[in-house]
Amino acid sequence: MAESLSSPSGKAGLPPGALVHVGAQPQTAGRVTLISYGPDHCIEREVHTVDDILAGRREGDTAWVHCEGLDIAPLLSEIGARFQVHPLVLEDILNTHQRPKFEEIDNCLFIVLKTLRVDGSQAVQHEQISLLVFPGLLITFRERRDDLFDSLSQRLAQGRGRIRSLGSDYLAYVVMDSVVDRYFTLTDALEETIEAVEAHLLGRPRAQTFATIQRLRRELVFIRKAIVPLRELLTALLRSDTELIGAKTGPYFRDVFDHVIRVIETLDSYRDLINGMLEIYLSAVSNRMNEVMKVLTVFATIFIPLTFLVGVYGMNFDYMPELRWKWAYPVLWLLFFLIPAALLLWFRRKKWL
Amino acid sequence: MAESLSSPSGKAGLPPGALVHVGAQPQTAGRVTLISYGPDHCIEREVHTVDDILAGRREGDTAWVHCEGLDIAPLLSEIGARFQVHPLVLEDILNTHQRPKFEEIDNCLFIVLKTLRVDGSQAVQHEQISLLVFPGLLITFRERRDDLFDSLSQRLAQGRGRIRSLGSDYLAYVVMDSVVDRYFTLTDALEETIEAVEAHLLGRPRAQTFATIQRLRRELVFIRKAIVPLRELLTALLRSDTELIGAKTGPYFRDVFDHVIRVIETLDSYRDLINGMLEIYLSAVSNRMNEVMKVLTVFATIFIPLTFLVGVYGMNFDYMPELRWKWAYPVLWLLFFLIPAALLLWFRRKKWL
Amino acid sequence: MAESLSSPSGKAGLPPGALVHVGAQPQTAGRVTLISYGPDHCIEREVHTVDDILAGRREGDTAWVHCEGLDIAPLLSEIGARFQVHPLVLEDILNTHQRPKFEEIDNCLFIVLKTLRVDGSQAVQHEQISLLVFPGLLITFRERRDDLFDSLSQRLAQGRGRIRSLGSDYLAYVVMDSVVDRYFTLTDALEETIEAVEAHLLGRPRAQTFATIQRLRRELVFIRKAIVPLRELLTALLRSDTELIGAKTGPYFRDVFDHVIRVIETLDSYRDLINGMLEIYLSAVSNRMNEVMKVLTVFATIFIPLTFLVGVYGMNFDYMPELRWKWAYPVLWLLFFLIPAALLLWFRRKKWL
Amino acid sequence: MAESLSSPSGKAGLPPGALVHVGAQPQTAGRVTLISYGPDHCIEREVHTVDDILAGRREGDTAWVHCEGLDIAPLLSEIGARFQVHPLVLEDILNTHQRPKFEEIDNCLFIVLKTLRVDGSQAVQHEQISLLVFPGLLITFRERRDDLFDSLSQRLAQGRGRIRSLGSDYLAYVVMDSVVDRYFTLTDALEETIEAVEAHLLGRPRAQTFATIQRLRRELVFIRKAIVPLRELLTALLRSDTELIGAKTGPYFRDVFDHVIRVIETLDSYRDLINGMLEIYLSAVSNRMNEVMKVLTVFATIFIPLTFLVGVYGMNFDYMPELRWKWAYPVLWLLFFLIPAALLLWFRRKKWL
Amino acid sequence: MAESLSSPSGKAGLPPGALVHVGAQPQTAGRVTLISYGPDHCIEREVHTVDDILAGRREGDTAWVHCEGLDIAPLLSEIGARFQVHPLVLEDILNTHQRPKFEEIDNCLFIVLKTLRVDGSQAVQHEQISLLVFPGLLITFRERRDDLFDSLSQRLAQGRGRIRSLGSDYLAYVVMDSVVDRYFTLTDALEETIEAVEAHLLGRPRAQTFATIQRLRRELVFIRKAIVPLRELLTALLRSDTELIGAKTGPYFRDVFDHVIRVIETLDSYRDLINGMLEIYLSAVSNRMNEVMKVLTVFATIFIPLTFLVGVYGMNFDYMPELRWKWAYPVLWLLFFLIPAALLLWFRRKKWL
């Protein structure tokens, strides 16, 4: 079971509010980057304390503090204290078994997402991404480091598009959009597998096909669990009347919402397709088995009367006139060919072959 | 997989807002037509720029700008700029993987539909149709050119019915009505296939019947995915208090809504029918197989005692009085007929045959 | 496919608003009856124009205009003009593929119902009934003529009950009540068939039983499609604050609503029962087949060791002492009875027989 | 079909408002009891007219009029007239095919319940109980007489608990509570049957087990149909702002609501359990059949090479040296034991036995 | 049936309001503990009467009265009288067949939870926990004594975290959090079993695997029944505007809500997984059976033509020239090897082996 379904009870028993990382992922050494930007500039540097952050951020700039790796409890509690974040939010950031959620808390928005990635061995890896949206400041937390936000950093550095002229809400949108875009990569990969399985189904069904179908189903369960709550999350976000999301950014979040709905509907179609493939597979296996059994039975049936006949002339009665006839034996051999031929003809007429 | 289920991730990585056509369809060279009409006239001409549009439209007229083919990014961005359309809407028009949706955006309504068509090889083709409804101006975008709007153009040219005396909202209704009407053509085609399959099921089930049933199921998944969101779309449209839809046109949109509900209910009945047919097919296949196996087994069973008997008189004991009897052999042949007859009678009484 | 599931696309392409009858039913020649009544009188006459109607209706009376057969386009358009009925309503009346619906339109209520009838050959026939409720005037439209409203006419003529002293809203209730009452006749017929099938299932399952179960399922799909929308229809009617339904008649419509819910729940139970019967049937068929195969296999199994034995003593070895023994042959015959007996005993102990 | 699923159409055709008993139950001769009580007294007497009721009820008392048996049309219409009950309510009381419902009508509450009872032959009997709640007066109607309300009468007579000091609303609660309590008796009976079936399933599955499972499923359909509407009924009752239910009695009705939810959830678990048992049964039957067939096939397989061997030495070739060997025959007998032993060993290693 | 699904009708017939313990659990002798604490102290003592409680609680302190074992009717009725608790609430505390619920009653909140525990024999044990939340006072009732609240008591005694400085509402949260945390222990245990079953499924399916899968399904039914109502409970609690829950504690309850949703979604995934495993099991069993039957049938098929051949040369015709040939017998033995080899080759080419 590569993906754990439940949340390990590792933290059961701890008092609520203890800042301990709870999750199955091996830890990536934490790195915290600050990107401070305005319409005409963009400065990126590594930071270690909240003071670094405050010092590195220019007056009037939008700042993005991006934490990769979750062994950052000290920094996190400092953030909690300075930016007045509720202790439960801090806990949720470190416990990577959260379900996607959106919360408006006093002075900030708290968003938890799951990003999904197909790794080399075709297993689905998930990672938790948390966002804290303050006015003019976005703090994001990831478990690992990969290329997910590379294009985003580049865009910020190059100042392409609207990104530098809009605030932390637009930045939060771009982050969520990157995460949701990756879901499409995932559905593409799923679709490729489904197409491959469908191609196999047209040929001879193999036990491995069955295993793949079951693996697909299982993966769909996990993927849906990570993505479906986003619908609710974004509905809540769009309905909320928070001032942290400006009127200009609203349509962008609605766009993300549309994408999520599309992903979910695609997953739903996959579920239907996979169930259909399962039926086709089972029907094919059963057909094949039936064919084999039928042919073998027909084979046996054809020999049954012949074996009876040879038995008859193996009997030792004193008075069996045929045994004396000269042409009896050749005639019998003729029968040995005629009887099967007649039976085969009959079976074919009955459409049994 | 003729119809792609997911949206290819081709655009993943691009900054939001890039006007690039994203879709699987081979492109049709774009053609943009302007139809400007009032109660007593109707002028149609091809246009290439927004200035053409503005010039070609008479004061007080209703104008319909109809774009076929999506290689029109320059015109589109010009439209975006002049008519103040949100950049995300422009993107959605070019990305043909949208789900049907309705949006009220400041000064216009944005509607995305899917039209469905059964092509020569019985596959379902879908195409995205987008509508931008402004006061006195309707802009529509299609991926291809076919006869979908021919009768509508004719009606406009001939001035039949109410069409020329009502505004752009009524025109939008007529466009949507044309799209929805084509769904009925589709359900008719489906129904024909279903009837054909039902006729086959009464005869001898063939493996091909199974394939057709599975294809029907698969197609229903796609068709539902394109049509079901329309229910929601029209509910939102009917509930919205936009001034862009006049009181007079309201009932017409309610009528389209009724049609959509009817299509969806029809598709639901098809789903039930197809599931029923699948059961009938599987039951028929299994019955057939059972019949064959039963008959063959009965056949074998009848010969078993005979073969035993001939074995008995093939034994070489010194003292076997029957072997000496003159009538033993003929009597045995009699038994070879009586025993099967008795067995057959017994089987028939037990209703095994 | 006796009942068409989809709406034929016959009208696709016509401009909205064309008054053409669209439907599969052979047409009944139209007849229009006017019944004008008050607490102490009731006059019935055939009419042909709206003028006839206006002339035939006494001051202060309630009038019921009842149209049977739908070849009445001229009268209908006259009604539309005189009573200011929306053109789409007129279309809906003639297009008998409507789903049941309720609409409040300016000055009148528009209700569409489906009446269901089991005909001689056990097929379910449906017919569309439309009602236009004006103050003091009810206009109803049917496709055919049968005894559905006979008892209602009689009650009006004889002045039994409350009917004559209440207005057109009460009359509309009585019409709907007649239609819904006929559903009970239908569920009674279904229940009879279900009971018959259940009786058969206890005996020997026949292929015909399977066909009947499948037919029942199919019919349920159609029947539900005609009846279930009534729930929504009546909810809308009861929630509406129209002045066309008086406070006194409200409880009567709630009563119809209760009946409809009861019919729907009954249909739901039937669905469960039918699914259960299908399972019983399939299980019975499979049991039967298993029984047959088992008995035949046991039969074969019993003869296998005997055939082996007779083979042994058919061998031609020079040195086989048993062949010389005098009692060998009779003892073998004893074995031929003892071995099967022992095997049968063993099988029975194992509960295989 | 002991329980009728649909409402017989016996009343179809009658004018609405005819007071005729419609129901499948054999009639119990009606008996009407008046219990008039206050905090310190309780008088019970049989009554026959509304005048009896009015005369028997003491000033300031709470009165309970309890009708058993439904051949009471004259009294009922008298009650209708005197207490101004809507004619449709009177009809509903006599038509025992109502679904459970709650209605606020002008001056009274109208509640219809279904009580369920397992009779001697394990069939579920249902009976309709209607309540009319007036200020200070409760009228109840039953179809039959049994011990359902005995403990309630005793409590009233003995003045135990709160019952005598609270009004007609509390009395209505106690009546409903008695009805709902009986559902628990029913679920206990169901649970006993389910446990018995589960015990059987662990042993050898019998065809009767299948029948019992199917009967349970069928009964659940009926029971749910009688109980599930109570959820809706009580929600409506708790939400209504009627003055007929005092603030003090509110919590009691909420308690009944909790009980009903519990019953429904219990029934839902039963449904899951029964479906699980069905699967276990089918799997057990199929396993058993497989076992039998496998053993018999193995049995046949073991004899096949032996029969071949004896056939070989039954051949009549002139030159077959083994036939002359002295030890050939005993060696063959050795083979007749070694070959099966080897085959059995092989089968066991393959885990086929 | 270790867990009873329905509520025994033991109390049916008792007047509402009788304080009798109703439940299947063997009783634990009651023990009532009072913990009175403030920011800087925490006193724990055993109490027996309400007077003890009142005496033991310091002015301004928060008090937690914790009752283990339900044979405390006298104390309970005293609590009812002194703290003005509604009689139905007192009843519900003693009747351990409640479903989880939340009620706001005048001066207090009443919460019922179910705690679940896997005992030694892998069966799921449930226990009812009731909470009465007053300002500054929390009373909890359990059926048994175990280590569930041990860490909570310790935290109170040691004054760790926020617990001592917040009121009875926070204490109620901590109690609920402990209960919900234990669900994760349960889902971990379930997951272990599921993983073990999945490992078995990859190997050879055993009948025991089927039993385990069915047991898991059954347990999921029970577990869901205990946990799912918590969603509704917490929704009601979070929506209520009670003053008993301070603004500071709100987020904590939302946190519990998130945990509950997570547990429910995890259980839903388990349901999907278990259904998948069932399918894999059945498919594996059927595959295995098919394999065995196929191999045995092939085995038989191979011997059929050989047995026919030896029969031929066992015939006693006078004129059978082969019988005289010297090499006939050895050639036949060659055939006895060639024919099977050819058949096996053919079967393998047909992919039947």
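Letters are used for the chains, namely A, B, C, D and E, taken in the order the chains are written, and counting of residues starts over at 1 for each.
As a working rule, a residue touches a chain if its C-beta (ideal position, glycine included) is under 8 Å from a C-beta of that chain, and two chains touch if they have at least 3 such contacts.
Please read all numbers here as calculations on a predicted model, not as lab measurements.
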item: Steps needed, at fewest, to go from chain C to chain E via touching chains; value: 2
item: Between chain A and chain E, centroid-to-centroid distance (C-alpha), Å; value: 26
item: Centre-of-Cα separation between chain D and chain A, whole angstrom; value: 43
item: Per-residue multi-chain contacts in chain E, two or more chains; value: 293, 297, 300, 307, 311, 314-316, 320
item: Chain contact topology (line, ring, star, complete or other); value: ring
item: Starting from chain A, with chain E taken as the next chain, the full ring order; value: A, E, D, C, B
item: Chain B partner contacts - residues on chain A that touch it in the complex; value: 151, 155, 160-163, 174, 177, 181-182, 184-185, 187-188, 190-191, 194-195, 198, 251-252, 254-255, 258, 261-263, 265-266, 269-270, 272-273, 276, 279-280, 283, 287, 290, 293-294, 297-298, 300-301, 304-305, 307-308, 311-312, 314-320, 351-352
item: Residue numbers on chain D that touch chain C, as the complex places them; value: 1, 4-9, 11-13, 15-17, 86, 88, 92, 97-99, 101, 103, 105, 204, 207, 210, 214, 217-218, 221-222, 225, 278, 282, 285, 289, 292-293, 296-297, 299-300, 303, 306-307, 310-311, 313-316, 320, 322-326, 328-329, 332, 336
